[in-house]
Amino acid sequence: MFKHTRKLQYNAKPDRPDPLMARRLQESLGGQWGEVTGMMSYLSQGWSSTGDEKYKDLLLDTGTEEIAHVEMISTMIAYLLEGAPFSEQDAAYEKDPALASVMAGMDPEHALVHGMTASLNNPNGFGWNAGYATSSGNLVADMRFNVTRESEARLQVSRLYYMTEDEGIRDMLKFLLARETQHQLQFMKAQEELEDKYGVIVPGDMKDIEHQEFSHVLMNFSDGEGSKAFEGQVAKDGEKFTYQENPEAMGGVPKTKPADKRLHNDQG
Amino acid sequence: MFKHTRKLQYNAKPDRPDPLMARRLQESLGGQWGEVTGMMSYLSQGWSSTGDEKYKDLLLDTGTEEIAHVEMISTMIAYLLEGAPFSEQDAAYEKDPALASVMAGMDPEHALVHGMTASLNNPNGFGWNAGYATSSGNLVADMRFNVTRESEARLQVSRLYYMTEDEGIRDMLKFLLARETQHQLQFMKAQEELEDKYGVIVPGDMKDIEHQEFSHVLMNFSDGEGSKAFEGQVAKDGEKFTYQENPEAMGGVPKTKPADKRLHNDQG
Amino acid sequence: MFKHTRKLQYNAKPDRPDPLMARRLQESLGGQWGEVTGMMSYLSQGWSSTGDEKYKDLLLDTGTEEIAHVEMISTMIAYLLEGAPFSEQDAAYEKDPALASVMAGMDPEHALVHGMTASLNNPNGFGWNAGYATSSGNLVADMRFNVTRESEARLQVSRLYYMTEDEGIRDMLKFLLARETQHQLQFMKAQEELEDKYGVIVPGDMKDIEHQEFSHVLMNFSDGEGSKAFEGQVAKDGEKFTYQENPEAMGGVPKTKPADKRLHNDQG
Amino acid sequence: MFKHTRKLQYNAKPDRPDPLMARRLQESLGGQWGEVTGMMSYLSQGWSSTGDEKYKDLLLDTGTEEIAHVEMISTMIAYLLEGAPFSEQDAAYEKDPALASVMAGMDPEHALVHGMTASLNNPNGFGWNAGYATSSGNLVADMRFNVTRESEARLQVSRLYYMTEDEGIRDMLKFLLARETQHQLQFMKAQEELEDKYGVIVPGDMKDIEHQEFSHVLMNFSDGEGSKAFEGQVAKDGEKFTYQENPEAMGGVPKTKPADKRLHNDQG
Amino acid sequence: MFKHTRKLQYNAKPDRPDPLMARRLQESLGGQWGEVTGMMSYLSQGWSSTGDEKYKDLLLDTGTEEIAHVEMISTMIAYLLEGAPFSEQDAAYEKDPALASVMAGMDPEHALVHGMTASLNNPNGFGWNAGYATSSGNLVADMRFNVTRESEARLQVSRLYYMTEDEGIRDMLKFLLARETQHQLQFMKAQEELEDKYGVIVPGDMKDIEHQEFSHVLMNFSDGEGSKAFEGQVAKDGEKFTYQENPEAMGGVPKTKPADKRLHNDQG
Amino acid sequence: MFKHTRKLQYNAKPDRPDPLMARRLQESLGGQWGEVTGMMSYLSQGWSSTGDEKYKDLLLDTGTEEIAHVEMISTMIAYLLEGAPFSEQDAAYEKDPALASVMAGMDPEHALVHGMTASLNNPNGFGWNAGYATSSGNLVADMRFNVTRESEARLQVSRLYYMTEDEGIRDMLKFLLARETQHQLQFMKAQEELEDKYGVIVPGDMKDIEHQEFSHVLMNFSDGEGSKAFEGQVAKDGEKFTYQENPEAMGGVPKTKPADKRLHNDQG
């Protein structure tokens, strides 16, 4: 169960409105790697967890924090849209070409659909969807996903940082950068502990089952020779990579039977 | 540019048809973490790469191999659907309850839309989409994504393995398990080399910019005490985690202005 | 069965082309609350209706009218796109910065995909989908949906009105505003009659089953005190709201069992 | 900002596992009208609100409660999936036809993708997406949406109630039924207060602008005579409905110009 | 503008309920090639048409007919769902295994979301979306799309025919088969006339611009020799196909520059 | 199985960067009719084919070529984005209004998400999805789809051609135009051969089953008289079209029964 305080986790107030930055910040809200993806993934993983309390708690702590990040970015976007242009009168090219250019570049749904407040979409108006989130039941795999989520998210925040010089926006981004550093580090730590327990290959106990003659071979399917550089290097599981210059097709030519006539697979 | 041989990379022939396994295998084809996600992500990353040949080549080698995996699984699915029931006559409950149960559980679109061949969907008929793929321009982040992709995919293949006893299916899965071991290991190796160069935090050069007082703090937003276990431990960047028992809201209560009257934000 | 006349229900001709307004009008066509949502929802509800003729007929009347609104808006968009710029030559910044700004803000798919005619998307190019429509079998719930649809749609039309000064566009919008007034009122009337019959809570006959001690309690999960204002007020079903200052978690800490080993839920 | 307690808001424990009910309950989690839709809509509306504290607080209270409902249903689904069948060995038709029938009807991704825990999808595996949520900036419209959300959701919970006889599931559903009664009533109350202030037509101040001759006319586009029953009745705004037996097309036949040759609109 | 009669275009009544067929028929309603795709594509094309009346009228005639087909299939589905099982009591395996098998195979959302009436989804619950429809402004291309739509749709109807022996369903399918024959033939006729006018290559007037040395070459990228059979044959534009045994890569190795540092494209 | 050469099939290098053209070219990559649709459709059809080698091989040849087209367009987009503006400093309106206009019109995710490289989306940021592809098992239908795909794609390439004067872009487009000519012609040839074998109506053998009295009738549902022009003309199957001025509703008024009380279909 959750409780909410109206106070934000950290400052989310720009120095001045900027509807173009409002649009860009939607990536950190409703984009593939945005805060909703973090929130829904970590909470789902935490609720599903049946193992050690420390991982379950870490996931729930972080998932709960991410709701606050969604809140902060939603708030920032609303501030950035204050007084944004939306009509011909506001931003006719003849009267104010700079404003007309802003209106050309902003998200038209911010005005039309949301009354100048945030949406749950990315900057191109594509809505957040559950296909972005992950909760597999296997914490090693999911910790890797979480480290990735925090990496892609921090990369985007870093790019956003250089897209503005507004000190209010930058203040919030500096906070998010720091939290995403922490989240990368904590999930890496959890990942490493779990790898120590289950092995570096996910999942850990299928090694005796797989066709091991193919499990450490760099296969050269592209004509670049670059990947040969890994040949002979020691993989994380202690074995060495071999290199196959010209991998052959081992599987023969498939030949399925024509389908039942009633399916009308007219095939020539 | 690509060339194709009709021969499969490895065997993809079951001992006998099984339309329920055909449905499940769609996850490895068109699901969130399926082979199409690997193929499209690695090729996109490879084509975008501007750096060291060895990473570019590794990505293109693996992306090219994944097309062959899509081919193998498509072929396997077609074999598994050979002679599958689709009509009342084939599988009336009264005549053959076991077959009726199979028909209840198979994907009805396999017959209706694809004439008993593979789709590009997951087992629930949800189509593959680009929101599953990733190509960010930052190889450290993307290598982490790739390790995750191979981990989630291998996890699913491991689960598929225990969903059947068909030796033909299992032979193919054993091969995929091995390749996904190799792909996990190779992308981990690349990830580690890139981390050595750019740092373990993605992206590497924003440390001086972020609000560092928040970058190593475990914040306790859930009442479990489990995450306290990480307190004092050394993070991968060499610094220690601290623990904040009761993180406070630092940001104040936001107060945005009412919108322009013409937006009709009637708010009470 | 349907018949079509080439004549429009009402005027849909702008005074002059305006590709930016063309883009914005797509919201009323293919957006979440656009005319296609009305058309598909009301027709589906009407076809599904098994009850009183007057509701069934009302739904089919209105659903049929909405097809005509889709037609009008499609027509308006095509007029607005007449002669729109699409090439470097048409709208090079150096030659005509105002036109270049228009081209930056218009939907690039209008030219590229639709040859300067309407799409079935919203202004951000996100296509209409069935997740926007509703037909539940319960007319009280669906009438509420319909009133909402007409409210959100009329809100957007009102915003569109202030985004242009073109009298031709405004003429059409004034007609749509009026029809959406009628549709709000008629669905409200139907809703009220149905509430009189089935009760104001949807669905009507589960009152004795629900845990009634929680059915009139304002629970305070956010630290604002605002919602306390409803305490003691009379709800639409005649009972009074109570207020719970500090709602407790009544459900205990869940503890699910670890999954079958074959699922590889490595959890630490 | 949010805080989380591991304790659930209310009981979410079934008497026994039931993977078919687990699948059905996904509707209340990730479906169009499920708890995620409530959570994301109410929080977004609350964060966007600039008006009276009591509405803002009500929205944030309820949005925060809905996260707890997502948590409860996720927990319930995990319990229901405990020990669910997923392999041929578990549920071969020959050995246990009842179990084979269960496996045919359950969501195959519960085992394959989520290791027998909840997803963010509906029962057909279609993921939650932002197109289900609404936050328009206009609270009258959005309160109507919220009443609808709670009506459709409670309808589905009522149907779920009759799909099982498990007293543990029913206990949770009885609680959700009661909360959805409260939420319907509270949002109706807010809606009515806002209607008193802004008028029953959304948005309130476009009456003088719209073409009023069409704002109270039942237009008969379907051959049923049922809707005539509303003729002469008093609408909620105090005016009477009129009825148009045979509405004419007022708009003329549109005639747009052929497009620029470079668009290749070959039209015959 | 449209008018509706409550009478169906043709019979849509089964001999008996069958919820499995109800599910399958959803493909013809909300699937990729279903009637909604026809309706929305043809109406959009018709409304966009600026050319010869006969094509515009043909499109509008057929688009209007397709709404009636959506109506018929929706009606048929509702009949097929009459009395369908939805609860444990209705269809407990122990009491009635045949009914339990039916419930395992039917769409759970038919009961839960739609109260045993049709949805706008395909049989896997994936909703219709605008990405299925086409309206390009070029009638030659779109007539080809329309012929394809009618071909894929008739193929599915043919498959549906063999999935049931219910004479009521078959009666409706026989009618749809005939109409889809007509629609294939009429769109082919229009296509041929338009090809006569604009040429068989779409669009017609780019021949002098394209690199003609590549416009009639069968390039052999797969090791099968089958496509060589077309060598020397006369293409529809009167020229002969040549065959390139081993097509070479003509484009060189691309080399893009590293991105701006501020984008953090760490690439190794 | 596939092999890759780093060399491109053809030149894909513009004379100069142009982020607006980069955005537009996304249509040919990730749009409904883009190269990914070709690649995934033809490969799927080829892998599913059980018939004559020449069609199977043709599909696999072309599907393999399309991967190379995806590669070329991805490369071109990356070149076009070299040095694109993304920050306020780069493109402040006051400093450089032309650049600000470019930034307003480009895809903001190119910088933010992809580090100035290609995505798998269309120009509006809508991701490629499997609903665009087709593989039905029936080659006549699918060849028609393929001809359509190549027609719509070539139409878009023709439009792109007139959107730029960059000779580098145009060189690549001239090549794609030629290949799409070839692909239209080869699939038409295959289509015709298959029609000769199976008949022009897809699928070929349902003629005796359909209600033939409706299979050659132009039904006039729209008030235009244009379609009457086809009356008496000879259809491709040798029969003549008749014309029905005023098609009647043959199906009666449907009347489904009220649903089970437990579904709460409150209908009035």
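Residue numbering begins at 1 within each chain, and the chains themselves are lettered A, B, C, D, E and F in the order written.
The rule is simple: a contact is a pair of C-beta atoms (placed from the backbone, for glycine too) under 8 Å apart; a residue touches a chain by one contact, two chains touch by 3 or more.
Quick caveat, the model's predicted, so the values are computed rather than measured.
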Selected from C-F, B-C or B-F, interface repeating D-E by over half of its contact pairs: C-F
Distance from chain E to chain C - Cα centre to Cα centre, in angstrom: 26
Per-residue overlap in chain F, given as positions that touch at least 2 other chains: 1-9, 32, 47-48, 52, 54-55, 60-61, 64, 68, 75, 78, 86-87, 97, 101, 104-105, 111, 113, 115-117, 121, 124-127, 129, 131, 136-138, 140, 155, 158-159, 162, 190, 202-203, 206, 221-222, 224, 249, 251, 254, 256-257, 259, 262-265
Overall pattern in which the protein chains touch one another (line/ring/star/complete/other): complete
Chain A to chain D touching residues, read off their complex: 1-9, 30, 40, 43-44, 47-48, 60-61, 63-65, 67-68, 70-71, 74-75, 78, 113-121, 127-131, 133, 135-138
Interfacial residue positions of chain D with respect to chain F in the complex: 155, 158-159, 162, 262-264
For the chain D and chain B complex, residues of the former touching the latter: 1-7, 47-52, 54-55, 86-89, 93-94, 97, 100-101, 103-105, 107-109, 111-113, 115, 121, 124-127, 137-140, 190, 193-194, 197-198, 202-206
Of all residues in chain E, those that touch chain B in their complex: 20, 23-24, 27, 31-32, 97-98, 101-102, 104-105, 122-126, 156, 159-160, 162-165, 221-224, 249, 251, 254-259, 263-268
Touch list for chain A against partner chain B, complex: 5-13, 32, 46, 52-58, 60-62, 64-65, 68, 72, 75, 78-79, 82-83, 86-87, 111, 115-117, 126, 129, 131-132, 134, 136, 138, 140-141, 144-145, 147-148, 150-152, 154-155, 158, 161, 174-175, 177-179, 181-182, 184-186, 188-190, 192, 200-203, 206-207, 209-222, 224-230, 233, 235-237, 241, 247, 249-254, 256-257, 259-260, 262-265
